[in-house]
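Letters A, B, C and D name the chains as they come in the text, with residue numbers starting at 1 for each one.
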Amino acid sequence: MKSQIVTFLIKCPDQKGLVAKITSFFYEQGFNIVSCQQYVNSIEDTYFMRVRLNAEGTVISKEDLEKNFLKLATPLQFNWSVNYGDKKQNVAIMVSHTSHNLYDLLERAKEGRLDCNVKMIISNHNKLRHIAEMFNVPYYYLPVTKETKLEQEVQVKELLDSNNVDLVIMARYMQILSSEFINHYPERIINIHHSFLPAFQGANPYKKAYERGVKLIGATAHYATEDLDEGPIIEQDVKPVTHESTPTTLKRIGADIEKLVLARAVKNHLNNQIIVSGNRAIVFPEAGE
Amino acid sequence: MKSQIVTFLIKCPDQKGLVAKITSFFYEQGFNIVSCQQYVNSIEDTYFMRVRLNAEGTVISKEDLEKNFLKLATPLQFNWSVNYGDKKQNVAIMVSHTSHNLYDLLERAKEGRLDCNVKMIISNHNKLRHIAEMFNVPYYYLPVTKETKLEQEVQVKELLDSNNVDLVIMARYMQILSSEFINHYPERIINIHHSFLPAFQGANPYKKAYERGVKLIGATAHYATEDLDEGPIIEQDVKPVTHESTPTTLKRIGADIEKLVLARAVKNHLNNQIIVSGNRAIVFPEAGE
Amino acid sequence: MKSQIVTFLIKCPDQKGLVAKITSFFYEQGFNIVSCQQYVNSIEDTYFMRVRLNAEGTVISKEDLEKNFLKLATPLQFNWSVNYGDKKQNVAIMVSHTSHNLYDLLERAKEGRLDCNVKMIISNHNKLRHIAEMFNVPYYYLPVTKETKLEQEVQVKELLDSNNVDLVIMARYMQILSSEFINHYPERIINIHHSFLPAFQGANPYKKAYERGVKLIGATAHYATEDLDEGPIIEQDVKPVTHESTPTTLKRIGADIEKLVLARAVKNHLNNQIIVSGNRAIVFPEAGE
Amino acid sequence: MKSQIVTFLIKCPDQKGLVAKITSFFYEQGFNIVSCQQYVNSIEDTYFMRVRLNAEGTVISKEDLEKNFLKLATPLQFNWSVNYGDKKQNVAIMVSHTSHNLYDLLERAKEGRLDCNVKMIISNHNKLRHIAEMFNVPYYYLPVTKETKLEQEVQVKELLDSNNVDLVIMARYMQILSSEFINHYPERIINIHHSFLPAFQGANPYKKAYERGVKLIGATAHYATEDLDEGPIIEQDVKPVTHESTPTTLKRIGADIEKLVLARAVKNHLNNQIIVSGNRAIVFPEAGE
């Protein structure tokens, strides 16, 4: 393999000797272990590992590496994935009216601060097309009504699949997707919700936050699942607010939180830092990356 | 009056000229206005003011001041209160098992960082008596069962009222008080809840936080009302956590948040910084105090 | 005057009756006081006020208002300014190599989240021209060497003055401006420094932060003065970091702090929330704006 | 060994295979690896590891374990230490006038939130003796003048050494210790400085913070070294402040930051989470502890 970082993500029943066995395996295959992060969930007796390898100087092929790895993985009941770091992931961004997350993601991708190709923007409105044009990204306007919902989802799916989209980012896409759609992209749809979940699920969280008189507002990025706003949480953040804030000012303050939270969640995903377990997301911190 | 700070809290329908009228009134009565903070809720067309006066060199009596003030207040429909800063408030702390908030409040009161007299500690358990003894504060052990609940509340009320308690602090008192009890002390009971409300209302918030996989945990201090965990929020804060946290470590991390949030809320109350309006607490910041 | 918000900023020696006198004056001139914020610096016996007026329904002209105001201001030794909220401020952005602040400011201005006209971008490099073109803003490439420094500053000044620029934003402009230049725009140049000042003044703050092993990094927006990185601080913020961070990762983490800190500082300036006093910036919070 | 957690801290030149070799060693010795954290400083080509072992069911003696470990450690040039988790560390707290850190540490130790024995409090003033008495901890009043400084340090040293003190906590001890004293306890003295270092080194940081007009204040816990306020930083935190704050209010706001920062640093030290390298402290996060 070429000089590149290979990342393995592993989940398995906990048992003695796992870290020794796994790291010895990669050492014997000729890799230098750049970082090795583990987490044991002692409540569920489950073991999680993220290991990053420097492939420089190795001669083994991907096929052989995986074949050899299976000999280790099968008896130990690994649930695992590998990313060879040799191609950028393809990303689609779905939006409706609000522009701040879209600008932020496009800027980061363009300037190399997010390691991905933004293949397209899909929207149920035409309002943000000018931003797509500024950044030279295809913009697909696919309006949706109650009646055309399933039909529109089929169009979206065709666009995503024909473009080999690896990750869908719902950057304030204000439509509820069908279970069928969501289950087609497991752990591949990241949504930003404009509240610190589980507070204020559903519509109009800033209005609800004003009415409840909270002293901080927040945002949550999570994988979309069938249950609205209940998927595994990747990132959350908050800012203090005061009684002075109206729903309108909360919206403005919240926009800056949403941008950072979504961008960090997407980066963590693209960077192979996440293992989902049940409804919880294990998010390994960057390791000197 | 002696050299002291007098604080007026005013709430009224918004209209032109309020700040001019109010501040002119106090100026004409001979006071120096130390600080004057206002807030207009434009959604409900309501005006709020906190004004702090230096009484030094004034000759007017409290009675005359209030009589004169009424001439201004009545036509403008003021809902108002005044604190003359001439005596410390009496405080009772209610606890069950957990000690961190209790230590923190007692230390702050003893060292003059909270301006109050802690008259007593009331508990449904005997477990924290040693702390009361360290700080030389009376400790009343009033156990409670489903059957004796109302009876116990009567005992608590007698203790509070016979000691002229101004403020009750529920520092992790793990009993639900009756509506009757709570309504007896409107805006005079502060509770600390160990989550960022409205998330995780009710019991076991740290366990729920673990299960939901949130990336931050928090605490909320609020006035107790009939509706459990739904009273006006005074203070909130959060800390980031990771997937590594178990319910036990969340509890430990949360303890430090709870202490700061409750202490700040109590300080704001004792310092006359709060006006409650519906279910929202207007909390004026300190003004060079 | 039309329906608009007029903002007065006042600084004067402290004395009894100021808030009553000032608010009564505006009430008598027919204005509704939307918000009135004051601050007394008791160490220097100085009084500061920011008062926002709703001009709707008033018939007085600006000239008459100011003539009348002077009768109040002169005997009380006011140092004051007024903004009638009737025209957007003109802004110039100066940059060198780094793009994140530039994108952020341009996006906010374009989407109406910063209330200003970005008249131009000035740079000593050609590198960021593509961003100016995306946002349709004139880009002036004015290279500078040790020898041509003063000459270049003259060119910059001509550009700024001929375009009636009100505010210069140094969004990571990596040149030290001459005292002569800076003094030409007092309290009209905002600089972003990529550390929590006064720590790590001067060059390479992220490298210094790595070497010192700090556990948080920050950014500071301040008015530029003759003394490098020592002008009045408008906004600061920090993020926690760990030993894992290299100077390169600190730079990336810091970029997001810089963006928010600079944007908030510019907003506070454009929104007339700041009074400078000596080397300290009094920054009034937004008042329901 | 009994059922207990054994912690190894290792620092060595980076090279291929380290994690595999180390974890395999412990696996072969019969230990279960509870957590294994590594950090590679790629600038200095240095490798750091913290590994926690469950000793339950092992039969090997400490002596044999260390003898065997040396066969691995010597050729790989390990700089290492081990803590067997079988006895609490002895701690001395040094104070002068301020009480908040002292209360906080004593409460945490008493309630089991800090895993240590507080053997004594040493002070150059008699002022805080009542707190020592509340918590039943010996209080040594050792006044100091310019003339008696060295003599007093000898007394302090005798107290510390005769009581087998493992860690000295300078909880706002307002004396500069001699190099000789400090070098006697390398990486065993933790100091709290009341600013976000390197800003405001030396005396009166809150006064300096006021004068500089900073918008956030902080605290820093670090190992004491010969160079005042320049030792390896363990923990830092900050809180936002406004222009309203005087040096007095900054002191009060800062007290709460100091308490949390010092307590966290002490916990990290007692919990064997820290490896010092040059002037930087590698602080491993808790791993499900």
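Odds and ends about this structure:
Here, a residue touches a chain if its C-beta (ideal position, glycine included) is under 8 Å from a C-beta of that chain, and two chains touch if they have at least 3 such contacts.
Worth saying up front: this structure is predicted, and the values here are computed from it rather than measured.
Greatest Cα centroid separation from chain A: this falls to B. If you compare C-D with B-C, the chain pair joined by more contacting C-beta pairs is C-D.
Each chain gets one centre point, the mean of its Cα atoms, and the points for chain B and chain C are 37 Å apart. One simple way to say how far apart two chains are is to compare their mean CA positions; for chain C and chain D this gives 41 Å. Contact with two or more other chains is made by residues 39, 42, 242, 244, 246, 285, 287-288 of chain C.
Only residues 39, 42-43, 196-200, 211-216, 218, 232-238, 242-244, 246, 279-283, 285 of chain D touch chain C when the two sit together in their complex. Partner chain B is touched in their complex by these residues of chain D: 99-100, 103, 107, 111, 113, 134-135, 242, 244-246, 249, 252, 255-256, 260, 263, 285-289. Interface of chain A with chain D (complex): residues 16-21, 23-24, 26-27, 32-40, 42, 287-288.
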